[in-house]
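Sending over a structure as structure tokens; questions will come in a sec.
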Amino acid sequence: MHPEGSVLVEFGNTRVLCTASVTEGVPRWRKGSGLGWLTAEYAMLPRATTTRNDRESVKGKIGGRTHEISRLIGRSLRACIDLKALGENSIVLDCDVLQADGGTRTAAITGAYVALADAVGFLAANKKLAGKPAQVLHRSVAAVSVGIIAGEPRLDLCYEEDVIADVDMNVVCTGTGDFVEVQGTGEQAVFSRAELDLLVDLGALGCAELTALQQKAIAG
Amino acid sequence: MHPEGSVLVEFGNTRVLCTASVTEGVPRWRKGSGLGWLTAEYAMLPRATTTRNDRESVKGKIGGRTHEISRLIGRSLRACIDLKALGENSIVLDCDVLQADGGTRTAAITGAYVALADAVGFLAANKKLAGKPAQVLHRSVAAVSVGIIAGEPRLDLCYEEDVIADVDMNVVCTGTGDFVEVQGTGEQAVFSRAELDLLVDLGALGCAELTALQQKAIAG
Amino acid sequence: MHPEGSVLVEFGNTRVLCTASVTEGVPRWRKGSGLGWLTAEYAMLPRATTTRNDRESVKGKIGGRTHEISRLIGRSLRACIDLKALGENSIVLDCDVLQADGGTRTAAITGAYVALADAVGFLAANKKLAGKPAQVLHRSVAAVSVGIIAGEPRLDLCYEEDVIADVDMNVVCTGTGDFVEVQGTGEQAVFSRAELDLLVDLGALGCAELTALQQKAIAG
Amino acid sequence: MHPEGSVLVEFGNTRVLCTASVTEGVPRWRKGSGLGWLTAEYAMLPRATTTRNDRESVKGKIGGRTHEISRLIGRSLRACIDLKALGENSIVLDCDVLQADGGTRTAAITGAYVALADAVGFLAANKKLAGKPAQVLHRSVAAVSVGIIAGEPRLDLCYEEDVIADVDMNVVCTGTGDFVEVQGTGEQAVFSRAELDLLVDLGALGCAELTALQQKAIAG
Amino acid sequence: MHPEGSVLVEFGNTRVLCTASVTEGVPRWRKGSGLGWLTAEYAMLPRATTTRNDRESVKGKIGGRTHEISRLIGRSLRACIDLKALGENSIVLDCDVLQADGGTRTAAITGAYVALADAVGFLAANKKLAGKPAQVLHRSVAAVSVGIIAGEPRLDLCYEEDVIADVDMNVVCTGTGDFVEVQGTGEQAVFSRAELDLLVDLGALGCAELTALQQKAIAG
Amino acid sequence: MHPEGSVLVEFGNTRVLCTASVTEGVPRWRKGSGLGWLTAEYAMLPRATTTRNDRESVKGKIGGRTHEISRLIGRSLRACIDLKALGENSIVLDCDVLQADGGTRTAAITGAYVALADAVGFLAANKKLAGKPAQVLHRSVAAVSVGIIAGEPRLDLCYEEDVIADVDMNVVCTGTGDFVEVQGTGEQAVFSRAELDLLVDLGALGCAELTALQQKAIAG
């Protein structure tokens, strides 16, 4: 009801509420630069997972995983937006995981893009943008997780698959198929150049499908 | 999907996700007492409100309002449960406000009772209770906010009404019409004995209606 | 010696040092509003109680109980004062419990009112008020705790009584007998409408006696 | 009323409440060592000073000055006590400054010794000591601040003198005139060997006077 | 002098002190599992950079970047070690940047491997390993940063290059040329599949050179 | 490479990296005063000692010992500098212990003086000082630790000696033999007036030697 942009993404059983909050003006140290500001915050509800996690507000500090994912979402979404054309406006993207079953960070990026598009639309409707909407949001961005399980590449791992995957990769692509971020990690095993290629290709394919769904959601 | 008890309460535009998480065993200092443990945590998503609030995890500490409400929910729900009959099990009630439009704390109490009933059912089904389910959950509890606006008592204030109310009261009642907690506050104005009586009566009435809805939800 | 208002309240064995600190000006976000600012902080010395409590400064965070009581004191005292007539001055009320034996929050409110009256007198003497002193402090406020022990209502519970009380209520009244805040809690038991009435009446009576003592203290 | 040892020290206008809290047992890492444990904590009420200081509990961390003084008090008092003869008991000395007018840390040490003597007496009366009381508390300790103002040495500086002093020294002595701690600081100026000698002698003299007062207080 | 493994890595002007600290035993929750434990912490001295950064200890919390890099180092080094063969021993790898000029995280990983090899040697010499040294440290690991500047791929970017790079990638490889982690980020620009291939190949080449240097350092 | 002043001090096996960071301007509350600002921060790398210490950044707070030493370094160095002649410039002295073997705080003070001299030279070369360099840095300062071991006074204790010392004293002197700070502590034992004299004399002697080395380092 309240946010300037808001979307509930579902990837399998994963559910992430992505909202975009717009404020006029930018943080003090950025005033007068003519540039806007975009930042992202990721969090999980305590019982989004199979067993309850203590709240980070209760622990009094944010964990490394939360920090890492918030930074990844922020970087990915800043790749879509021209901060000059945005003008001195600030956008905060909040991605709150209501229910988790693998791929929460990639679901968050994919949903945050839709919320961001809404927010840019809101700013355009209120004539607050420095540039044209198409200049402001000059690219789209979507993300998937891919992995290798028992030697076989798989798209969009659920939690059970994620746990047994040998290699895990997050791929963030633009709507035109370029890469914004590629993060491949071999926790259980290392991976060869050939496996890397397979994962990257599969990730790019998955992002292309999501791009189509995003366009529909925004159009609808 | 994951929690032992889970309910999404809607009071007007207010939406609170209440989950109950069960773990066998109790905190260390309570071991061997034969008593169970029940605690509650309340929080708001940053954009549940008309303007965005900074996350308490980012600020590194929990605010006074959050503390106060978490304590109120915990006290109210502990009034329904016999910790001895519960046995050495722990239940955490998480009440996360997804969208706020007044009355979030009373919605949280009312919903948390339903999630708690689910969790007690879960423990019963798994034969983990020390007593019988009806002994464990020996009362029901529901809550409403009431107020006086322009001299007139009103039930279940939305945000706009809450802001202009002269007096604001939260009433927590059992299913049999007794009081668990009564908190009346005259921020804008003070209130007379007669007004106090009106508010208490209206609150009790509101709780009775909610009790009926809770029974339905649990039965359904 | 130092504060603009200072009083040591004794309720039975409970001893609370209440001071009022005045500064010209208001927090930055309130500048230019023409309104003053009043806030309160409550704390206990570590050995005010029968066993030692760790300091909240050492734990690095303020507990829920402290937050809740500080907020209650602040609300109650803001009910006495016209922030417009106060002008852009800030008053901080510090209530530090030196020795605790039940009823520390109500003792704190009652004492804080006297310290506040001193502080308003100090501001008047220094010609810093926007309005007349009687406009600034347009009401008095006092508070008592009441409870039901073994079925019988009791005024001003000491610690031993508080522990065994079935129902516990804090009543904050103005000097003219209106209510500012009523907080009734049935930790051990629930309470009926008739019990609620008894407690409220007893509380109002207790506040009236304290009002008389406050007037004496201020006059003296 | 509650603590095992408790004394309100007055040095000029400085007032420090010193309490000793006794618990059987020692921190986990010390169990089975046969040694006791003694620690000290120093704090100021927010309005102990001419202008109000923010609470360290509200700031969420303890400042350097508080840490430094707490450590000094702890070291000084550990010099009086034989932790083996104390047995596996813990003593916490809390020194809370109610009103400050210079020399709060030395007043705290001098008062804490008296509270400690009370606490040792309490343990002796309850037959909890491993050794005899005179072995446990084998020395007394007292402390004064001395300074040089306009070239002249002065004992026990009040706040106004402290601010203008060229050199400031805290001297902690045993009842037999030996030194436990000597801390001389030349914030405004440096000091010569001759000045150091003067200050040390004056401090030792001051401590001897305080020792006599302490004996009286304990005897009384 | 003190650590079980210690190395000062120099990559251009970047200098990172990597130490490995060994303790017998593992964290409580891991006891009895037969598995060892390896963790890493990364930090910068405040003036490692061209302008001074505030200490994270003073700010009271660890920033997102520090968290992210500490986690990356930990994951990369855990890929080299068989925790079962290590037995119930804990190793902490500390990577402290004394001087920074680009590539501090990759320098830290490369140096930490050498410190880890020393530490495993120390454990072997003291007969504390569950398996043979070659089983324990069954792989080597090295890391480089690569980037695209003005369309051209570059190895091991210094700070000035890093700032102007369109794409930045960290590549972590084993001594046999497999990948442990690949993190490519297009902050200024996005990157094509062809550019990704170029960067990955260049990174693998750079790691191979570092592997040779590591073997020399360990042998020497 | 980066800091305006930088020196690596070695006292026996103790190694402290001292850097001076210069910024134009002063903290907000000091603006317009015409006075400069000098502050110091001390820290230890986690494995500077024989066993690893947890990072204060990870613990989320600075310990009492760190606070106490940072304050001592700051006071000592402020004794050398005329803040008016410095003009509205800020200098932060960072003393990071890379390897510890006793006397880290006195090594830090002695090294920080040399880094400070470099920084003042840098400011002079850039014509940023309000006064002449010799006015700005009107004194030199050096520090040593002295102690009594088995009845015998010793200069510059290493860690093993420090642990067994009966009395431990830190002496901070100017280049002309006056005292800036004298801190004598009898943790294991108390000390007589005669012992105090011996320690002070030995400390002054040690400082004189260090002054000569400092002059050489600055000249070189």
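Some notes on this structure:
Read from first to last, the chains carry the letters A, B, C, D, E and F; within each, the first residue is number 1.
As a convention for this text, a contact is a pair of C-beta atoms (placed from the backbone, for glycine too) under 8 Å apart; a residue touches a chain by one contact, two chains touch by 3 or more.
Predicted, not measured: the structure shown is a model, and the values here were computed from it.
Using the mean of the Cα atoms as each chain's centre, the chain most removed from subunit C is E.
With centres defined as mean CA coordinates, subunit F is found 57 Å away from subunit B. Our note on geometry: subunit C versus subunit D, Cα centroid distance of 33 Å, whole angstroms.
For subunit E, the set of residues that touch two or more other chains comprises 60-62.
Taking subunit C first and subunit D second, the full cyclic order of the chains is C, D, F, E, A, B. By the touch rule above, subunit F contacts subunit D in their complex via residues 61-65, 67-68, 70-71, 75, 78-79, 139, 174, 178-187, 190-193, 196, 200, 204.
Contact residues on subunit E toward subunit F in their complex (touch as defined above): 1-3, 6, 13, 17, 19, 21, 23, 41, 43, 45-52, 55-62, 66, 92, 94, 96, 98-99, 101.
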